[in-house]
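Each of the next two complexes has chain A plus one other chain: chain B in the first, chain C in the second.
Our next item is the complex of A and B:
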C-alpha cells in the first residue's frame, strides 16, 4: 500500500518563487499530454511529462483479434506514419507464419514506407514551425505534404490510414504508370523541401533560438535510450535500415545523416535531411524494383502460429526504432503483443533537457524530440 | 480561380445583389437617418437665402443639393468631424480594417493558400465584418477570481489610448485632431500608457499565463521605449521643434530618412517590438503561454484589444511617415479644382448649384492625404511582411538587442544629427 498520488496531485513544499504551470492537455503547445513545468522567473527548475491521455489499449485489443484483423487498428497510434508503424508487425507475423515475401512486394513496401516517412516528417515539421511562431513553415509543409498523400492514395486507395501492408506482401499491386508519376512527384518534392532551408533552417532568428538549447550529449543520448533522429543528432550513427536491414534495404545505397551538436537545432534538422535521403531511396527502389510479378502470397483463411514462440522485429520509423514483440500460441490470435515505441523512449529525455532551460525554449526542445503523444500512449 | 470556388451563377449573383440592397436600405433607415439627425443637432447651421436653418428644417431639405452641401460643409468644419471621421477615429479604423484584410490575403499568398474567400463575394472582403459580428455575439466570460472592474476596463482603456495616439497624427496641412506644440512628447506619453494597461489587464485576470504574458509585455515595452525615444531625438534636434505638423512641413524638399537612416532603422525595429508583431510577439507566444496576456479575454473584449492593436499599428506607421518619410509632402498629383464651379456653379440636369467656397477639401489637402496614405500603406506593408518570414525570438535575445545594440545605434544616430547640425549641412544656411 503506497500513498503515492498522481504527478499533478503530489504535495510539494511551497516555495513562493516557484510557479507551477500545467502545460496541457488543453494548451496549444502540448499535444495530447501534459507537461507539468515549475518555473523560477523565466527558468525551468523541474519538468514532469505526464502522458497517458490517449491510451487506447492497442496491445490488449490485439489479443482478441486474429493476425489479419489486427492490421487496421495497429496503425492508429501514428496515422501519419501508418505504413512504418505497421511494418514490424507484418515482418513478425510473416516469421511466425513462415511466409516468404515476393521480391517485388519488398520494394513496394520500401517505397510506401519511405513516402510515409516523408509524410510524417512534413507533419512534424509543420508543427515544429508553428511552435516557433513561424506560420509560413506551418503552411508550406502542410501543403506540400498533399503531393505525397495523393501518391499514397493512388497506391493504396486511402489518404491517411492505408492498411496496405499485409503478412505476405502488400494488399494490392501498384497502379499502372505509377513509377513515372512517383518519380516526377518525388523529384518535385525534393526540390521543394530544399527551399525550406532559405526560409527556415538558415534563418538567423531560428538559429539564435534553437542553437545550444537542450543539448543532449552523446553519452546521455545512449544512456537514456533515445532513438531515431534524437540519437543521430547527438552523434551516434545508428539507423536500423543499415544496421539491421529488413526486406530489401540491404540492396540499396543508404546514407545516414548524423550531426554532433545534440542541440535543438540539430534535432530539428536531421528529419529534414532524412526526407532528402528518403527521396534518394525511393528513386533507387523504383529503379531496382522488378517490373512485374506477384506482390502477395496467398494465405490460408485465419492463419495460425505453429506453436509457442516469440518474435521481436523492429524497423526504423519516422521517429526511430519501432519494435513489436509478438508471442504466438498456435492460435489465430497472438498470445501477447508488445509495442516498443520510439516516442516514449525519446520523451524520457525531456526532463533532463528542460531542466535549467528558459521557458521560451520549451516548445522547441519538446517538439524537437520527435515525439508523438498518441504513439507513446498506445 | 481556385478549385474551391463555388460555381458562379448570374441569376444568383443578381438576386444576392438585390438582397444586399435591401439590407443596405434597412440599415440606412434604422441607423443612418437617426445618425444624420443627431449630427444635425451638433453642427452650427449655415444661413441660406437669408434664413437660419434649424435641425428639423435642415432634415426636411436634405434631398436638395443646394442646401445639403452647405450643411455638409458646415459639418466638416466642426471638431466632431475631425475626431469622428477624417483625421481621427474613422479614417484610422478604415485603414486598420484595410490592414487586417491585406495582411490576411498577403500572408495567404505567401503561404500558398487562398485566405479569406467566401465572405463578401469579392475575395472575402467582408470577412472582418463577419469576424466582428461573431465576436460581438459571443459570451463574455470573466474568470471567477479576476479583479472585475480592472479586467473590464483594460480593453476599453487600450482602445482609448490607441485613439489618443491617432489623434496626434497630422494627415494633411492643418488636418490634425490635436495640433499641440508638444506633439512628440504627447506621443511618448501615450506610448507609456500601453505597458501599464497591459499589466493591469494581465494581473487583474488572476491567472498564470496572462500574468507571464503581461510581465513579458512589460519587459519588452519598457526596454524598447528607451531606444524608441532616443532614435527620434535626431529628428527633433535637426528640426528644432516637437510639433508633429511642423516636423512634417520641414521635410518639403527631402525626407529625414536620407540623413538619418540609422535612426529610421532603429525606430522601425523598436516599433515592431512595441506593436508586439512577429518576430517580437513574445507576450502572445501561443506555444509557450497560450495567448499571453490575451488568454482570459473573450468575446468583444478580445475584439476591442485587436481593434486597439491595429489602431496602434496605423498610428506607429503614420508616425514613421511623419518623422522620417516626409509626411504629406510629395509631387502634386491631384488635378486643380476647376474655378468655374465656384463662380458659375455646377449644372446637374434641371438644377444649377452655386455654392461659394465649396471645396473644403482643397487641392493641397487632397494631395497631402494621398501621399500620406500611400506612404503609410507602404510602411504597414513592411510591418506585416516579417510575419511570414521570421519565427519568434526569445526573451533574453530580445532584451539583449534592445539594451545594447539598439541603444548604441540610437546614440550613433544622435551624433550623426549633431554632426550635420554643426557642419552646417542642415539648419540655417544649409540645404534647407
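Our next item is the complex of A and C:
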C-alpha cells in the first residue's frame, strides 16, 4: 500500500496562481462528498470529486443475506426513490427464481415507482432551488411533495423506505378507494407543478444563472456514459421505459423529454418535465389496471436459484438507468451483487463541466447533475 | 396488445420463431428451449467470426450476451465491440471473486446509445485476473489492461474495482482510491476472504 496515491493527500507542486479549495464533505453545497477544486482567480482550472463519505457496503452486506432479507437495506441508498432503486433487484431475482408476476401487481408497481420518481424529483428540486438562492422553490416542492407521500403512505404504510416491492409482486394490495384518491391527488399535483414554470423556469434570474453554464455536448454525453436527465438534456433520446420496457410499460403510451442545449438549464428542466409525464403514466396505469386479482406470487421460504447464473436488469429511475448485476450460485444468498447507479455514472461528467467555469456557478452545475451522494457511494 | 402479438407470431412462424418462447412465460420455457434469440445470436456470431477460439460465448439470452475473453485479448475485443458493433458506453463494471479458481473476474456491461437496434442490448464482456492469497494492491500479479482508452466511461468504475478487489488496471491514468477511507489498510473489502465481523 506504500505507493498508493490517495485523493487530496498526494503531493502537488505549488503554483502561486492556483489555489486548492476543498468543498465539502461538510459543506451543504456539496452534499455528502468532497469536491477538490483548483481555482485561478474566479475560474476553476481542475476539479477532482472525492465521494465515499457515505459508503455503506451495500454490496458486501447483500452477500450475507438471502434474497428477501436484502430488500429493506437495498433501498437505503435513495430513500426518496426507494421503489425505483429496488425495482431492478426484484426483476433480477424474479428471473433467477423463474417467477411470473400477476398482471395487477405490474400496474401497482408502475404506479408506485412513478409516484416515487415524483417524490424524489421534488426533493431534488427543493435543494436545487435553495442553492440558487430561490427560497420559494425550496418551500413549494417540499410542501407539494407531501401530497404524494401521503399517497405512498396509504399504499405501503410508510412515508419513505417502503420495502413494497418483493420478488413475485408487491407486498400488499392497494387499500380500498385508493384509485379515486390517487387520481384526485395526482391531478392536483400536476396542476400545481405547472405553476412552477412562472416562478422558477421562466424566471430571468434562474435563466441567467443556468443558461450556457456547464455545457455537455451530445458526443461527450455519450462518450462519458452519462444517463437519465443529463443524457436527455444533451439531446440523446434514451429512456429505458420506452427502449427496454419492463413490467407493463410497453402497454402504456409514454413520451420522452429531450432537450438539445446540454446546459444546466436543460438539465434542471428535464426532471420537471418528467414529473408531468409521470402524472400521465399514473393516470393511464390507473385506467388500465385490472380491478381485482392477486398482487403477489407466494414464494417458498428461503428461495434460491437453480444453478450458476448471472443476470443484469435495469430500470429508469428518477436519475437515470439503474442496473443490478446479480450472480447467483444456487444458494439462498446472492454470490455477488453489483449495483450500477446513475449518480455514480454521472459523476464522471463533473470534472468536465466545471473546468473553465466560475466558482460561483459550481452549485448550479453540480446540482443540475441530479446527483445523489448516498446512492453513488452505496 | 398481448392477443394481437400472439396472432402475428402464429402467422409468421417461419420468420420469427424466436418471438414465441420469450413472449409470455418469461424465464422457465426460454431456458429449456434450445432456440436462441436470433438478433443476439447474430451479434455473438460476428464476434466469434472475428476472434475464433480467442473468445468464448458464455450465454446468449434475450437482450443479453456474455463473452469470456483472456486478459491478453480483452483490449482487442473491446475495440472491435466499439468500432465494429457500435456499442459506445459502459454501464457497469463489476468484479466477482472466485477463490476456488484463484481468479477474479471483471465484467464490463456495455450498451449503446447511438444505435437504435442495440438500445435493448447489454453485452457483458468478462475477463479474469490472477488472484493472490496475500494481495498487495497495485504491486502483485492481479493486473488487467485498462479499457479506459476504448470506453472512456469506465474511468471511475475501474477505480472502484481496484480498491474493492485489488485488481490493478495497467495503463489507467488515475488508479487512486475512490470510495474507501484514506487509512484503509485491510484486504480489499469485496474479496470473499474479507469477512464481516460477527457473520
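FYI, the second predicted complex is superposed on the first by the 375 of 378 C-alpha atoms of A that agree within 3 Å, B and C clash if a C-alpha of one lies under 4 Å from a C-alpha of the other, contacts with A are read in each partner's own complex, and residues count from 1 in each chain.
The working rule: a contact is a pair of C-beta atoms (placed from the backbone, for glycine too) under 8 Å apart; a residue touches a chain by one contact, two chains touch by 3 or more.
All of these numbers come straight from a predicted model, not from anything done at the bench.
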Message: Quick check on the chain A-based superposition: chain B and chain C, clash or fit?
response: fit
Query: With the two structures laid over each other on chain A, which partner does A:21 touch: chain B (first), chain C (second), both, or neither?
result: first
Message: Tell me the contact category for A:140 with respect to chain B and chain C: first, second, both or neither.
response: first
Message: Output check: A:222 vs chain B and chain C. Expected answer is one of first, second, both, neither. What do you get?
response: second
Chain B versus chain C as contact partner of A:347, first or second or both or neither: second
- prompt: Is it chain B or chain C that touches the larger share of residues in chain A?
  reply: C
Query: Looking at the overlay, does A:100 come into contact with chain B only (first), chain C only (second), both, or neither?
result: second
Query: Looking at the overlay, does A:209 come into contact with chain B only (first), chain C only (second), both, or neither?
result: first
- request: Using the superposed model, measure off the angle between the directions from the CA centre of chain A to chain B and to chain C, in steps of 10°.
  value: 150
Query: Touching A:131 in the superposition: chain B (first), chain C (second), both, neither?
result: first
Query: Quick one: smallest Cα-Cα gap between chain B and chain C in the superposed arrangement, Å?
result: 24
Field: chain A positions touched by chain B in one structure and by chain C in the second
entry: none
Query: Quick one: in the complex, what on chain A touches chain B?
result: 19, 21, 27-29, 42, 129-140, 143, 199-200, 203, 205-206, 208-209, 358-363
- prompt: In the complex formed with chain A, which residues of chain B make contact?
  reply: 107, 110-113, 208-209, 212, 278-279, 281-282, 285-290, 387-397
- prompt: For chain A, which residues are in contact with chain C within the complex?
  reply: 1, 3-7, 9-10, 50-52, 55, 57, 59-61, 64, 94-95, 97-100, 222-225, 227, 231, 236, 238, 243-244, 250-251, 310-312, 314, 321, 323, 325, 327, 335-336, 338, 340, 344-345, 347-348, 377
Message: Give the list of chain C residues in touch with chain A in this complex.
response: 1, 25-28, 31, 58-59, 63-64, 66, 88-92, 94, 96-97, 107, 109, 113-114, 119-120, 122, 124, 136-139, 151-153, 155-157, 160, 175-182, 185, 189-190, 194, 196, 199
